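The following pair of complexes shares a single chain, subunit A, combined with subunit B in the former and subunit C in the latter.
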Partner chain A sequence: MQFLLDGLIAGASVGLGAIGVTLTYSVLRFSNFAHGDFMAWGAYAALVVVGFIGGSTPLGPFSFGLPLILALMVAMGLTSGMALALDWALFARLRARGQAIIVVMASFGASMALRSLLEFIFTSRPTYFSRSIQMAMPVGFGVKITADQVAMLVLTLCLVVGVHLMMTRTQRGREMRAYAQNPALARVVGIDVDRVVRSTWVIGASLACASGVMVGVLVQIRPLMGLSLLLPIFAAAILGGIGSVPGAVLAGVIIGLSEAAAVQFIGAEWRAAVAFVILMGVLLIRPTGLFGVTER
Partner chain B sequence: MIDLLGYGAFFLSTALIFGLIALGLNLQWGLTGLFNVGIAGFVAVGAYTSAVLTSPDAADRVGGFDWPILAGWLAASLVAGAVAAFTGYATLRLKSDYLAITTFGVAVVVQLVALNAQGLTGGPFGVAFIPRPFASVQSDPVLFNFANLGVVVAVTLAVYLALERLSRSPWGRVLRALREDERAAIALGKSAQSYRVQAFAVGGGIMGLAGAVQAHFIGFIAPDNYLPTLTFEVWAMLMVGGSGSNRGAVLGAVVVWAIWVGSGALTAAVVPGDLQARAASLQIVAIGVMLCLILLWRPQGFFGARK
Partner chain C sequence: MILEVKDLVAGYEPGLPIVKGASMQAGAGEIVVILGPNGAGKSSFIKAIAGLVPVTSGQVLLDGQDITATPAHQMIRRGLAFVPQTENIFPLMTVQENLAVCGGILDRHEVAGRIDEMFATFPDLARQRALMAGSLSGGQRQMLAVARALLVRPRVLMLDEPSAGLSPKLVGQVFEGLQAIRERGLTIVLVEQNARAALAIGDRAYVLVEGREAHEGPARTLWDNPLIAELYLGSKGHAVSA
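And now, the complex of A and B:
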């Protein structure tokens, strides 16, 4: 039964990443291949900030202390700044020319550059927020969970509920959804498009950063972590239905669970193929995904 | 001098094989506007197909069919083309981004199969003893390199001429029409999806052929040859050369490969050993930035920008 919990936790980080991809796709209309690298950059940013703040005693049963929580917030800001800068320098200019697929290609080039830049700065050797070993607590049915895992699940839940409320209950969220549905009409009724674009990047990049830090706390940090999560993230965004925040999270969990099941029953080496199989299945059977709407 | 000549032939063969991949990509992207980020996957499918079919018997994997090299190459293009056709069939009726995402997935899965299906692909150790053309003159490196260069030039030229002819044929005109104005082309009764799947499959087949030619040129393949960096290099080649132009694709491949090899040799000579892995990543950063700058400032590329 342990694999269900492992899948849930892996799925949480995939889901957080997928929210960013699904929002970028529905608002800015391109699939951002650099999104995985936002995660890696977020994790490394947090790592650097933690190092800057300096050592501290871990909080209660967790492997991390206040510095990491602070660093997470700073890193979310830094990652958002990076995404905005990238949009200003590259994506916005290409978007203005109107060829959507060129923007996808630019994101592919940017992704390669960002990832290799991380390898250049930090080398490809994996690193960790903390090397301490955590005791896992049994919670019944033979399932064990560590305090860190509980903390990360709670963090995911807070972020997802927060983003969902923002998208459905605030003016900004309504503007984003309106722009996603009909850009021309949104402009006509006076929605500030630049602000919508900015909000999309900030939300996407912040969640990517949180997801990267999560993976960093629970597994490890390495420059390629974003690349290896990219396919599951895309698969989750499409399975959930482009534009749907709850769909992305649910699909992320589905993919996490399927991957864990594949590791359990088929073999760990085939894990990375699961997302592809799900992706192909969705595209062949129901391309709009679970909660998607048919676009024209 | 003789060494230099031999190296020149070797360099040009390697570059032209990239040119061959870039020609396949140009058919998909330049002519038809289909975005393929899984080039490495299609190249790998071709390489492994031909390698398994033509290599001598090995105890620990399927193989040893001892097919002639040309039969291996043909099979390589057919299998890679079939994979591309299926990918296209599944995604081309949907939004163009879905094709990009799926090709990315194809590359991931092909890499995974190459690494893990040991009984077929030899796993991380790859396939060795792939027969090389003109193996009988291998003792004379210059003659051997030039003979192989001749083979690569012949294949590239054949594909180049075929593509030039295709792009001027009615078939090529339909592809261009679909790229420029899909609605108008559909209104004329052309099935967008069917033509796109065909173009994607032919492009994938050319990539598979290139993979096979490369495998036989080197004589050994392993999963590490087919990482995303390969996809990325080929894109840089096509963008430098100018998408839409077959001549640009080949020229771009030679130029970018020269820059790549040159900067690699430079860092190897200048940078101390422990920093070389880092310098290599900086090389990729440079190519990535270059790709973005070309997209921003000179989307038509540097050679043969034809209107």
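And now, the complex of A and C:
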């Protein structure tokens, strides 16, 4: 049964990443292949901020202390700033030309540049927020969980509920959904398009950062961490239905569980193939995904 | 004049204008009808006024203030609301959300009250407030689009062929509704293919041909002008699309 918990935790970080991808695709209408690198940059930004703050007394049973919580918030801001700068310098100019495929190709280029820059600054050697060893607590049925894992699941739940409420209950969320459905009509009804674009980047980049920090706390930080999560993230965004926040998270969990099941029952070498098989299956059977809807 | 358009030249491609120097005026509380044969540039004209088609030259004045370069999303804040012909609702949002999406323009505390007022004005929408707007009929969609435009208390309401695709009965209801809106003092600019129905409620009319206004006059006399009817509205006499 342990593999179910492992899959759930892996799926949570995939789901957080998928929210950013699904929002970028539905609002800005392009697949941002640099999104995985936002996760890596977010994790490294948090690492640097933790270093600046100093002090590493763990909080209760966790491996991290208050500095990491503060660093996460600062890193979310920094990652958002990076995404906005990238949009201003690159994506916005290409979007204005109206050719989505060029923007997608540019995101490939940006991804490689961001990744190489990380390797240049931090080297490709893995690093950690903490090297302390945590004892896992038994929770029944032979399943064990660490305090860090509980914290990350709670963080995911809070972020997902928060983003869902923002999208469905606030004026900004309504504006983002309206723009995703019909950009021209959104302008007619008085929606500030630039504000919608900025909000999309900030939400997507912040969640990518949180996801990167989660992976960093639970596994390790390395420049390629975003690249290795890119396929599962895109599979989750498509399986959940483009534009659906709950769909992205649920699909992330499905993919995380499927990968864990593959490792458990088939072999670890098949893990990467699972997301690909799910992605192809969804595209063939239900291209709109689990929660995707089409206009009647 | 509340809305004044002077020699507007506009088009999607540089050097290929669709509107080639058209002008119009609309006074407070007037219904101004813009007619013309297919391809005359009527829709592009009204979209250019709304900021949706790039303007090369000319002026759009609202209450004497130049709004020619105002971005489309600011037009409604300036008091100029536009209802497109098609795709004029957000189908994957509820009826209530379609109204609330304009809420950013109003003070936060008055949004709910204005939505209730719109539901009181359009009771058919009130009954469907929790439904996805994509499930509404063509007439209800048009009603929702007009209600959303009225929510923010515009001074000028511009509509692009509100009767397109509707049954004759619904067309009658739409035009009755527009007359009721005009009686509140709102200025209406109406682009229509259904000349008979539009001229029946209009005060003044413009006929556009090849991107320029070819005739202007009181709506009811325009209807009786056989030359105009023959040249621009179909055939001799009163044969117009209806």
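The criterion applied here is as follows: the second predicted complex is superposed on the first by the 294 of 296 C-alpha atoms of A that agree within 3 Å, B and C clash if a C-alpha of one lies under 4 Å from a C-alpha of the other, contacts with A are read in each partner's own complex, and residues count from 1 in each chain.
By definition in this document, a contact is a pair of C-beta atoms (placed from the backbone, for glycine too) under 8 Å apart; a residue touches a chain by one contact, two chains touch by 3 or more.
Here the structure is a predicted model, which is why all the values come from computation and not from measurement.
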{"item": "Partner chain(s) touched by A:I102 [first = subunit B, second = subunit C, both, neither]", "value": "first"}
{"item": "Of subunit B and subunit C, the chain that contacts the larger number of subunit A residues", "value": "B"}
{"item": "Partner chain(s) touched by A:T123 [first = subunit B, second = subunit C, both, neither]", "value": "first"}
{"item": "Which of subunit B and subunit C A:T57 touches, first, second, both or neither", "value": "neither"}
{"item": "Which superposed partner A:V189 touches (first subunit B, second subunit C, both, neither)", "value": "second"}
{"item": "Contacts of A:A113 with subunit B and subunit C, given as first, second, both or neither", "value": "first"}
{"item": "Of subunit C, residues touching subunit A in the complex", "value": "50-52, 71-77, 82, 84, 87-93, 97, 100-105, 132, 134-135, 148, 152"}
{"item": "Subunit A residues within the subunit B interface of the complex", "value": "25, 30-31, 33, 90, 93-94, 100-102, 104-106, 108-114, 116-117, 119-120, 123-124, 227, 230-231, 234-235, 238, 269-270, 272-273, 275-276, 279-280, 283-284, 287"}
{"item": "Footprint of subunit A on subunit B - complex, ascending", "value": "33, 35, 37, 90-91, 94, 96-98, 100-102, 104-106, 108-109, 112, 115-116, 228-229, 232, 235, 277-278, 281-285, 287-289, 291-292, 295-296, 299"}
{"item": "Touch list for subunit A against partner subunit C, complex", "value": "171, 174-175, 177-178, 181-182, 184-193, 293, 295-296"}
